[in-house]
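Each chain carries a letter (A, B, C and D) given by its place in the written order, and its residues are counted from 1.
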Amino acid sequence: MATRFKGLSRELMAMRVANELKDGTYVNLGIGIPTLVSDWIEGRDIVLQSEIGMLNTGPLASQENVDQDLINASCQPVTERPGSAYISTADSFGMIRGGRMDVAVLGALQVSEKGDLASWANPERGFPEGVGNIGGSMDLAVGAKRVIATMIHTTTKGEAKIVKNCGYALTAEKCVDLILTDLALIEVTPEGLVLKEIAAGLTAEDVQSVTEPKLIIAPDLCEFRL
Amino acid sequence: MATRFKGLSRELMAMRVANELKDGTYVNLGIGIPTLVSDWIEGRDIVLQSEIGMLNTGPLASQENVDQDLINASCQPVTERPGSAYISTADSFGMIRGGRMDVAVLGALQVSEKGDLASWANPERGFPEGVGNIGGSMDLAVGAKRVIATMIHTTTKGEAKIVKNCGYALTAEKCVDLILTDLALIEVTPEGLVLKEIAAGLTAEDVQSVTEPKLIIAPDLCEFRL
Amino acid sequence: MDKVVSSADEAVADIFDGAIVAIGGFFTAGTPTSLIQALARKGCKDLTLVIMTMGPGNPDVLQLVLNGQVKKTISNYPFYRSASQGADCCFEIMVRAELIEVETLPMGTFCEKLRAGGAGLAAFYTPTGVGTVVARGKEIRKFGDRDYLLETAIRPDFALVYAHKGDRMGNLICRKTARNFNPDMAAAAECTIAAVEYLVEPGQLDPDTVHVPGIFVKRVLEVGRPSYVPGL
Amino acid sequence: MDKVVSSADEAVADIFDGAIVAIGGFFTAGTPTSLIQALARKGCKDLTLVIMTMGPGNPDVLQLVLNGQVKKTISNYPFYRSASQGADCCFEIMVRAELIEVETLPMGTFCEKLRAGGAGLAAFYTPTGVGTVVARGKEIRKFGDRDYLLETAIRPDFALVYAHKGDRMGNLICRKTARNFNPDMAAAAECTIAAVEYLVEPGQLDPDTVHVPGIFVKRVLEVGRPSYVPGL
């Protein structure tokens, strides 16, 4: 069992992702850590898409303004913002496959050094092959212009989740552009994985020790820019 | 030049087609004689579809109730009826191809004994092959559950338009169920063309003389049921 | 045309053993609960359900499972997210026991197969699923410099859909994210049955705002507007 | 996001020579006249127009023809119905002289190629056109007992579309049959430019009634509501 390093909290991971998002863009946030990103972009000129069929999704609803007909793709009650639009789920995925999402932030189980993403089938669940909750992950991974994968750097057993080849069922091949874990920010490039930012107190060697593929150290490697 | 027989007026042809339509059905009327059918079904429980993207199209607009945003597929100002719905043209043709039209009434240039329809390319216009006004004819011919082809029985030169094989560019193969001309009502069956009704004063031989394929005479052949 | 029926049991009376039944709704939003309950009462067997999910937010479909009515599901998010909730779920238990067959599709492919069915198309090429288990046994074809997967249309025998308002002719208006799969299922199915919160007369819906034109709907049942707490 | 531009000339400023430009409108209904006029003023050449018709109800596109800006058209009802009107039409004359190439598609196929482009699909199988000249050079494939034709998606470089109302974020609402091709062209094009009769602020459009979500629209130009007599 590998050493467990101390890194960012889930909330700060979400904050770091939010810093990657540019004003004037359309973004889809997946389930889990990605959902928390919305807390960090309030007031910014970013339009969130919910694949259920909504553009310009607002913050989670508070108890008194829950509308039973207004949920996000994780089934959480949400709110409208001025300029919202509802569409069918089919049209929503047309939009996603059609390349209109500037960024999709997705949870991950594994990411390979080529940027392959495995995010939907945890073999521990023990389903037959091909069976599980694919949801919208495959369409988002294939359709978004830029895919940011977020995950805790290692499994609870300390195994690397950034791997040479994904052992878990793939969501899509060569789709991830940026990996954000609690320990590091890593860019997927044609040359390999480039380590760009790390958690305070850690060294590049620490991150490498819990990462399967060889990392390229960015010349300007620095602490997380939060 | 063949004898020109006297048959139904365009208005009475439209009336005869209207008698073929059943209450509770969805019908698309093409350009020309088919458009006139709408005059004969007012007050009946038939929903007209305009392929531009409208369900439950009402009668032509009178001058005072023209709405510039409300036209049928022939660009005529029309009206709404209670229970109308607008859709995109893409969705309109989805509906047509998807088999939701109980009947399409289409104009024709030629119909073959197998029910092939030629309706969009008149070689006299002299366009390059494949070029012309296809419009919605091919989708309607292929998609509607029942296709009624309407035309004057012969060309202005007296040539047969009901032919063994269409010489004009096809709209669709084996799609016509019923042919209504000014002279006759003819059903397309696996056994061949069955002559079922004829214009007053004509004999089956008269109709056969201006029809290329051999007609099967229905045992209950009668005058047009108007 | 008056497509209104007076009870959920009447609405589903002709659903037959072995039918493919699409059921609208995204978790808790826009689910035709009373029609699903009537299907459970009717008890027809060997059903193939085309449905987003089996279980989460949708306890009524689990009754169909418990009744032994479900042979197969075509879904995109069939299971509970949580393994512990899932372990207790009759659907998961029957899937593991190979008593129910599950076909899992990417959500966009799931929608698009229905959309193609409704639009009279046989099949389409999508980039989603290439290089994954979803592509097994399916044709891959290059267009330009990209690989696409051939997916075929779904045409269910029945669709049970949900809308906020509907008129007697079957025109439907959905509300917010309760729209979801309902319009495409309505268009795809041979026989579409709609549960509407409010029934109105033809002419009372703004024709520019109709989400499901009446041509797709065979029966309309008014169910009132239930109140519930969304969430899983 | 404020996508409003202040003039038609600014709106079309980046349309380039050789561009594929989709233009909304069905005869007289829902045509972005002022954007077409600006395209004529700009004068870019070798354009491929994806448009229902060249001429009938659409005199402004004929100016593009007269200016020698049009290399090719992809249409479904390109010509005047009447041979005599057609004989006088510059477009028909140039087509006969082989100075403009015309691709004629069935209307449903025309729409669906745009819809596929917007939805990120590469191609689809349609029953329309089998056994006709439209099928020349295209793949025929059997699904079940029926033949279908393979048709590929269109992704125009630009779309000029028209709507009744639009907000600053590009959300559009169309009116009656002026909707027609506008939503699918807006979704299909790389850069969509919308002429709207009335510009409103975000929040003023009912989100359940939006026909074109703003994500598809790059620029919005308010043009007012012209008054004209529909018909050919």
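Throughout what follows, contacts are C-beta pairs under 8 Å (C-beta built on N, C-alpha and C of every residue); 3 or more make two chains touch, one makes a residue touch a chain.
Predicted model only: the values in this text are computed from it and were never measured.
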Review point. Suppose you hop from chain A to any chain it touches, then on again the same way; how many hops at least until you reach chain B?
Key: 2
Exercise for review: Using mean Cα positions as chain centres, tell me which chain lies farthest from chain B.
Suggested key: A
Practice item. Pick out whichever of the two, A-D or B-D, is joined by more C-beta pairs in contact. Key: B-D
**Study point:** Distance from the mean Cα position of chain C to that of chain A, given in whole angstrom
**Key:** 28
Revision key, fill the gap. Chain-centre distance (mean CA atoms) for chain B and chain C, in whole Å, is 37
Point to revise | Shared interface positions of chain C, touching two or more other chains | key: 112, 115, 119-121, 126-127, 175-176, 179, 207-208
**Study point:** Contacts with two or more other chains, residues of chain B listed in rising order
**Key:** 86-87, 93-94, 96-97, 143
Point to revise | Category of the chain touch graph - line, ring, star, complete, other | key: other
Practice item. Provide the full list of chain pairs in touch. Key: A-C, A-D, B-C, B-D, C-D
**Study point:** Residue ranges of chain D in contact with chain C within the complex
**Key:** 112, 116, 119-127, 141, 143-144, 146, 148, 152, 173-176, 179, 206-209
Review point. Contact residues on chain C for chain A in the complex?
Key: 26-30, 56-57, 76-79, 81, 83, 86, 95-96, 102, 104-109, 111-112, 114-115, 126-134, 136, 164, 175-184, 211, 227-232
Study note, to complete from the structure: Given the complex, residues on chain C that touch chain B span 1, 115, 117-121, 167-169, 171, 187, 201-203, 205, 207-208, 210, 213-216
Practice item. Could you please specify the touching residues of chain A with respect to chain C in the complex? Key: 31, 50-54, 66-73, 75-77, 86-90, 92-94, 96-97, 121, 124-139, 142-143, 169-173
Review point. In their shared complex, at which residues does chain B touch chain C?
Key: 24, 26, 45, 47, 49, 55-56, 80-87, 91, 93-100, 143
